[in-house]
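In the two complexes below, chain A is the common chain; its partner is chain B in one and chain C in the other.
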Partner chain A sequence: MVLISTLSTVVFVGVAVWAVLSSETWPRVREQFFSARHFQEVWPAVLSGFWLDVQMFVVAEVLILAAALIVAAARSLRGPVFFPIRTLAVVYVDLVRGIPLLLMILVLGFGIPALDIPGVPRSALFWGVTALVISYTAYTAEIYRAGIESVHESQRMSAQSLGLTQVQSLRHVLVPQAVRNVVPALLSSFVSLQKDVALVFVLGVREGVREAQIYNARTFNYTGYIAATLLFLAVSIPVARFTDWYGQRVRRRRQAMSS
Partner chain B sequence: MTEPHSRLRIVGLSKTFGDLPVLADVNLELRAHEVVCLIGASGSGKSTLLKAVNLLVPIDQGEIFLDYLAITSPEVDANQVRSRMGIVFQSFNLFPHLTILDNITLAPRKVLKLDRAAAEGRAVELLGRFDLLDKVKDYPDRLSGGQQQRVAIIRSLAMQPELMLLDEVTSALDPVLVGEVLECIRELKGQGMTMLIATHEMGFARNTADRVAFLHGGTVWEQGKPQRVLGEPERPETQDFLGRIIQAGRL
Partner chain C sequence: MQRMRLLGPVGFVVMALVVAACGGDSTDTTTAGGAGCGVDELELVQPGVLTVATGEPAFPPWVIDDDPTNQEGFEAAVAYAVATQLGFTPEQVTWVRTGFDEAVAPGPKDFDFNLQQYSITAERDEVVDFSIPYYVTDQALVAFADSPVTSASTVADLKGFTLGAQIGTTSLDYIEEVIQPDTAPPVYDTNSDAKSALDAGQVDALVFDLPTAFFITAVEMPDTTIVGVLEASEAQADRFGLLFADGSPLVDCVNGALEALEADGTLDALAEQWLASEGEIKTITR
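Our next item is the complex of A and B:
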C-alpha cells in the first residue's frame, strides 16, 4: 500500500518537474521568479512586510471573534422585545456578505480618509483592518449562529426553566456548547483571513505583498512574490493541518460519546 | 380548621397548536404539600400542561395562579416565576459542558445571586442527601441515566422551589434504573414538596399520589383518590385507558 503510493507520487512529481524544466522558457522563468540573487535582496523587505500581515491578522481575528459572537447572540434572542436587535443583526449580516471584501477595503480605505472628518483616523492601515473586521464578522457570526442552533432546543428550555434570562442562558449554557461545535469551522476561517489580510496592499499599506510589488516595479523581477507566497504557506499549512486534526478529534470524541 | 393553602390553581386553561387543540378548559388545583399524578395516553396534553405551568409554552386562554399570584398575566416576570418552581424533563437535559456541581450551582448563583460558597454548600448538601456526593466533579456523560435524572431533580431543588413539575421523568430510563428515581421522588413527598407529576408508572401513582387526574382530549376527565380513579374509574374513557394499561402489563 505505502509502496504503491510512494511510487506513484515519485513518478507523478518526476514527470511534472521534467515537463517544467525541459520547457524552452524555463531558464527565463527561473530568472524571473526563482532567482537566488533577487530572493536575497527582496527577502528582508518582504519578511518585515509579512510581519505586519501577521500583526493585522492577530488584531483583526481577536476583534472578529468577539464582535461576531455578539452579532450571533443578538440574532438568536427570541421574543418580540428583541425584534429590533434581531433585525439589526440580520440586516448587518446580509448587507456585509453582499459586498466584495476588496470593494469594502477600497471604499473604507480611500473613502473615509478622503472625507477628512476631524477626530476620525486617516490611516489606510486602520481602515484596511476595519474593513476586514466588518466583513469577516458577518461570516463568522453565521458560523457561531450555526453552532448555537446545533445545540438541542431542550438545553435552552432547561436553562430557562431554571429562571435564567435569555442572555444568561446564551452566556452560560448555549454559547459554550456552540463554540465547541464550531471550532473547526472557525479555524478554517482563520486560514482564510490569514491570507486575505494581504488585500490591504491595494491601499498602499506596506505589508508583504506590497513590498514584493514595490520590488517588482523597480527591478521587473517577480521573485518577491514567490518569497511572499512561501511565507503565507509557512503559516497557513500548519493551521490547515491542525484544523483537520482537531476536527477529526472532535468527531471521534462525539462518536465515542454517542455510542 | 382553616382551608389549606392553594399552591397552584389552573383555571379554564386552553391551548391549541395551529388548529389542533392540545389543552381544552383544564381546571386543576394543588394544595400545599399535595402530590398529584397526571395520567393519560401520549398526546393527552400532560406534557404541554406542565410546560404551560412553567410558562415555557404560551397559552391561549385561562389563568394559572401560583400562591394566588396570576402568573399568566402579562406584567409578571416569567424568569422570576420559573425560578420559583422546578421542572424536570424526560430527557434529563443536564448541561453536558458543566460538572455536576456546576450544573446544580449555575442557577442559584446567577438567578438567586448566591455566592459560590453558599451555592456549593447547598449543592453538596443535596448531593449527599441523594447519595451522589462522589459524582460532584464528574461530567454528566459519566453518570448513568438514573443518576443523571436524580441530578436533574437536585438541580431544580437547589432553587428551593415551591412546586415541582415532573414530566415523565422515568420514561427514558432503563427499567432497572426507574426505582432509584421514584424513590427519590417519594423522599421529596416525605419532605412535604408540592408536586405535579405526569407519569405512566401506575403503581407509583397509586401508592405515592394524594390525587390522580386522568387527562383525556386535553382536559381533566376524571380525578380523585388514586384508589378510586385507578380502582373504580367512573367514566368509560378512564376505564378504557386503564384497561389498555393492564393489557400492557403496567398495572
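Our next item is the complex of A and C:
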C-alpha cells in the first residue's frame, strides 16, 4: 500500500513538474512569478504589510468571538419575553450574511467618514476592521448556534429544573458543551478570516497583498504575490493541521467515553 | 482505475500548457518598414481589424462617457488617429477592455495595443513593449480648496500631510520617491476610490497627472482645487505609451504612425482639444 501510494505520488508530481518545465513559456513565467531578484526587493514591504494583516486578524478575531457568542445566546433564549431580542439577532444575522464583505468594507470605509459626523473616526483601518467584525460575527454566531442546538435538550431542561435561569444555564451548561463541539468549525473560520483581512486594501490600507500589488503595478512582475502567498500559507497551514488534529482528538475522546 | 485517476488531471495540465504555448507563439521579429505596414500586411489579433484595449471603466478626459467608439476623449481620439494613419477605417477598429494589470499578465493578449495612461518605464519595458510616447504630462496635487495643504509652495512643505494616489502610477512614485511624506501614502485601485478617500477625510491631498487633475477639480469635485504642479526632473517626466505584447510585430508600424501624427501637429491638436487647461497654476518646487 505504502509503496503504491509513494510511487503514484512520485509519478504524478514528476509528470506535472515535467509538463510545466518543458513548456515553451516557462522561462518567461519563471522570471515573472519566481524571480529571486524581485523577491528580495519586494519581501521587506510585503512582510511589513503582512504584519499589519496579522494584527488586524488578532484584534478582529477576539472581538468576533465575543460578539458572536452574545448574538448566538440572544438567539437561543426561549419564551415570549425575549421575542424582540431574538428577532433582532435573526435580522442582524440574515441582513449581514446577505451583504458581500467587500461591499461592507467599501460602504463603511468610505461612506461613514464622508458623513462628517463629529467624534466618529475617519481611519480606513478602523472601518475596515469594523466591517470584518460585523460580517464575521454573523457567520460565527451561526456556528455557535449550531453548537448550542447540538447539545441535547435534556441538558437545558435539567439545568432549569435545578433552578438555573436561562442565562445561567446558557453560561454554565449549554455554552461550554456547545463551544467544545464547534471548535473545529471555529478554527476553520479563523483561516478564512485570516485571508479576508487583506480585503481592507480597497480602502488604501497598505497590508501585505496591497504591497505586492503596488510592486506588481510598478514593475509588471508578479513575484510579490508569491511572497504574500507564502506568508499566508505559513499561518493558515498550521491552523488547518491543528484543526484536523483537534477534531480527531475530540472524536477519539467521545468514542472512549461511549465504549 | 488508479491510472485513469492519475491521467485525468495531468492530461488537463498538459493540455492547458499546450494551448497557452500556442497562443503566445507570436514572437517573430519581423522588421516592419514602411512597406510592411499595410492593413493586409500587419499581424493582427483579428485579421483586418485593429483591436484596441482600454480600461474598464475608462475615465474622462481620456475616454468620454466610457465609450471609446464615440471617438471622444483624448485616448479614444488618439487611437482612432493612429488607426486612420495606419489605413484602417473607423469601422475597422474594435475595442476590448482589460484591467490595468490584467493587460500585462503573461500569456496571449487579445488586443493589438492597449492604452490607459500607461507610463513608460524601463522595468515595465522588460515585460511588455511600448510605443514612443503619445503624451507627456506633469503631476499635480489636488485638495479641498479650504485645506491647509493649499498653502504649500515646496515639496518639503508636503511632508507632514497624508498624500494618496492610484496604484501603478507615476503619481505614486512621485510621492514615495520625491516627497517622501512621514506617513506612507495610501494606495487606491482607481482614481474614484482615491477621490472617495479624499471625500472621507482619510487623505489630505491626492496626486494625479495634470489632465486628470483638471478634470477632477473642474467637473467631478468642484470644491477641490489644483494646489500646484509638482516640479519634476527630466527623468521623472511622465510619458504615456501604447502598450503591446512583448515582441509585438506592430510596434514599428505604430511608431511610424505616431511620428507622422506628431509631425503634422495632430497629437498636439488633440491634446489641446481634450486636455486644455485654464488659469495660472503655481509650481510646487523641489
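Definition applied: the second predicted complex is superposed on the first by the 259 of 259 C-alpha atoms of A that agree within 3 Å, B and C clash if a C-alpha of one lies under 4 Å from a C-alpha of the other, contacts with A are read in each partner's own complex, and residues count from 1 in each chain.
Just so it is clear, a contact is a pair of C-beta atoms (placed from the backbone, for glycine too) under 8 Å apart; a residue touches a chain by one contact, two chains touch by 3 or more.
What you see is a predicted model; the values in this text were computed from it and never measured.
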Touched partner set for A:157, first chain B, second chain C, both or neither: first
Chain B versus chain C as contact partner of A:58, first or second or both or neither: neither
Touched partner set for A:103, first chain B, second chain C, both or neither: neither
Chain B versus chain C as contact partner of A:220, first or second or both or neither: second
Residues of chain A touched, compared between chain B and chain C (which is higher): C
Which of chain B and chain C A:203 touches, first, second, both or neither: second
Which superposed partner A:230 touches (first chain B, second chain C, both, neither): neither
Partner chain(s) touched by A:120 [first = chain B, second = chain C, both, neither]: neither
Interfacial residue positions of chain B with respect to chain A in the complex: 54, 56, 79-80, 82-84, 86-87, 89, 91, 93-97, 106-107, 110-111, 141, 155-156, 159
Footprint of chain A on chain C - complex, ascending: 2, 6, 9-10, 13-14, 17, 20-21, 24-25, 100-101, 104-107, 121, 123-124, 126-128, 164, 167-168, 172-173, 184, 186-189, 193-194, 196-197, 199-203
Touching residues (chain side chain A, partner chain B) in the complex: 154-155, 157-165, 168, 172-173, 176-177, 180, 257
Interface residues, chain A side, partner chain C - complex: 4, 8, 11-12, 15-16, 19-20, 23-25, 28-29, 32-33, 109-111, 113-114, 116, 122-124, 202-206, 210, 213-214, 216-222
